[in-house]
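Shared chain: chain A. Partners: chain B in the first complex, chain C in the second.
== the complex of A and B ==
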């Protein structure tokens, strides 16, 4: 398996206005954080997906200058872009097409796609993606674990289509062993109490679907006086932290084209307490996967206690240790 | 912690309609303006009507209704937008407490993304 970094990790630093695209790529190289790079279209490229020749030139130049292999370009599928109507199938197809072309022009072999679009959308896009020679890598972000009905449907469609342009991008936030304490503690600034945190942890461990967890949390916390922003924060604990067993990935490994190495933080031994990376590497390695895994630091959403570059560096140190022992 | 950079105090000033502040989007990427469900500004504890807020991104201005229907133009990540707020009574120059709530409608998230920030700014 090969190591990459997603610029998603630096969203907070970047938001400060103190970094350019080149600055973040240069720092990633300086710290030697992998051989591959993943970027998010709507984050890094003004006007995306309708990018200028100048942008294309700049991105290619930076990849070459800092010696990164373009691994994945992340699309976003904004099915809720209109206020009162969800995007239809054909509209969604048209929303994704220019993003496929952007990946082609920038030289990224994979376009990270999202499960907000159903199997039918991707099935319709196959001829277009084949022509562009861009793989649509559908991210399996919690609650979309391998047993989710939409994912089962997607897998069946993959089997039927038999094409190289369809694949999965499992996100390791789908198979966590705990809700990160750093995440829960950060909610305290929004007035979340220890009692609310304890209830959230308890509901998280239940074997019930995520939407049911949202309902149960609101039902329990509203009478306690929790505000919508507080409940919104705590809902993040369910929407970002899935409980799928690591071994379940085995079922879909032949379709995996890329991995998202989501992480929250490290203990004093340099391990990620909420995500079992040694087990994850073992399952994918033994399943024959030899592609990339990208660092995706989730911390910027909730804390500024750590420097994202330091955090990604720690994750790469952990990964390198694991790879040596595989 | 996107809240930290939401309000850009250096960009606060009085204008012909009332006052304006600079604001950054509290998200990891840019979004179409139609996805900005709510922009709620408060001044010294008083919440001002959202219909009185005009947002300007890279030279393009949108009132509430225009913003809600703008599918193409985007508030980019890290871009400092100007939020101009109509305020009739004469606003005293000096320090004021500005509150800002931004609610984003993200199609792949099961609940609204709401971020709230507050800063003391000098409105000259």
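== the complex of A and C ==
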């Protein structure tokens, strides 16, 4: 398995406006954070997906200058963009096409896609993606675990289509072993108490569907005086942190084209307490996967306590240790 | 809502104009979104500004508040600032308490039984000197 970094990790630094694209890529190289790079089109590239020739030249130049292999370009499947009316199938197909072309022009072999579009959309896009020679890697982000009905449908469609331009990008936030303490502690600014956190953790570990968890949490916390915004925050813990067993990935490994190495923070030994990376690497390695895994630091969603470059560096140190012992 | 809220209103966000004032704002998501995914509420010194008074500006174009939901082709690049212009007099050099509620309807995260875009809402309250 090969290591990469997704520029998503630096959202807090990027939004400050203090960094150029070259700055973030140069720092990623300086700290030796992998051989591959992942870029989010709508984050890093002005005008995406209709990018200028200057942008194409700049991105290619930076990848070459800092010796990064272009791994994945991230698309967004914005089916709710009109707010009051969701995109239909054909409209969604047309929305994705320019993003496929952007990946082709920038030299990225994979376009990260999302489950907001059903299997039918990707099936219709196969001839277009084949012509562009861009793989549509559909991200499996919680709650889209391998047993989710939409994912089962998608897998069946992959089997039927027999094409190299369809694959999955499992996100490791789907198979967590705990809710990150850093995330739970960040809710304290909204007045969430230690007792509410303890109850949330307990419910999270139960083998019941997520909507049932929402109900149980509200039922327990409302009599304790929890407000709707506090309960809203704690619900985030259920929707951001999936509990799929790591071993379940085995079922789809032949279709995996890339991995998202989501992470929240580290303990004093440099381990990620909420995501079992040694087990994850073992499952994918033994399953024959030899592609990339990208660092994806989730910090910008809940804390500004740490420098994102430091955090990604810690994750790469952890991954390098794991790879040595595989 | 999170750490990115910090960038919504910078110190120079409030500016007097010929006909009133404008507020410059940056999105609190990690990626660009079009104006159709945005909604705003503004209070100055505790007084809510009527939305019919808003003019929303992005990329040199100008829209009314009513037009917002239809503006799915008018993108606000994540590092650019949009502007909310209001025809209400404001004094240059004076400090005002600004309460700005900035809602984002995230178009690729659908939630709830109706599968509607996730609402990411942030409120910033800041004392700003009108530039």
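Here is the rule we use: the second predicted complex is superposed on the first by the 306 of 326 C-alpha atoms of A that agree within 3 Å, B and C clash if a C-alpha of one lies under 4 Å from a C-alpha of the other, contacts with A are read in each partner's own complex, and residues count from 1 in each chain.
Rule of thumb we're sticking to: contacts are C-beta pairs under 8 Å (C-beta built on N, C-alpha and C of every residue); 3 or more make two chains touch, one makes a residue touch a chain.
Remember, predicted model here, so these are calculated numbers, not experimental data.
Student: Clash or fit: chain B against chain C, after overlaying the two structures on chain A?
Tutor: clash
Student: What is the contact status of A:15 with respect to chain B (first) and chain C (second): first, second, both, or neither?
Tutor: both
Student: Touching A:320, do we find chain B (first), chain C (second), both, or neither?
Tutor: Neither partner.
Student: Once the shared chain is lined up, is A:61 touching chain B (first), chain C (second), both, or neither of them?
Tutor: The answer is neither, since A:61 touches no partner chain.
Student: Looking at the overlay, what does A:228 touch: chain B (first), chain C (second), both, or neither?
Tutor: So A:228 only meets chain B here.
Student: Comparing chain B against chain C, which has contacts with more of the residues in chain A?
Tutor: Between chain B and chain C, B touches the greater number of residues in chain A.
Student: On the A-aligned overlay, A:214 touches which partner chain: chain B = first, chain C = second, or both, or neither?
Tutor: first
Student: With both complexes overlaid on chain A, does A:30 touch chain B (first), chain C (second), both or neither?
Tutor: Touch status of A:30: no partner.
Student: Same chain A residues contacting chain B and chain C, which ones?
Tutor: Common interface on chain A, chain B vs chain C: 8, 11-12, 14-17, 40, 42-43, 46, 48, 76-83, 86, 114, 116, 239, 300-304.
Student: Under the stated contact criterion, what part of chain C meets chain A in this complex?
Tutor: Touch residues, chain C against chain A: 2-4, 6-7, 26, 30-34, 36-37, 69-70, 72, 75, 77-79, 105-111, 115-117.
Student: Going by the contact rule set out above, which residues of chain A touch chain B in the complex?
Tutor: Residues 8, 11-12, 14-17, 40, 42-43, 46, 48, 76-83, 86-87, 114-116, 186, 190, 210-211, 214, 228-229, 232, 235, 239, 300-304.
Student: In the complex, go through chain B and note every residue touching chain A.
Tutor: Per the touch definition, chain B meets chain A at residues 1-2, 4-5, 24, 28-32, 34-35, 37, 68-69, 71, 74, 76-78, 80, 105-114, 116.
Student: Which residues, counting only chain A, touch chain C once they are in their complex?
Tutor: Against chain C, chain A makes touches at 8, 11-12, 14-17, 40, 42-43, 46-48, 76-84, 86, 114, 116, 239, 299-304.
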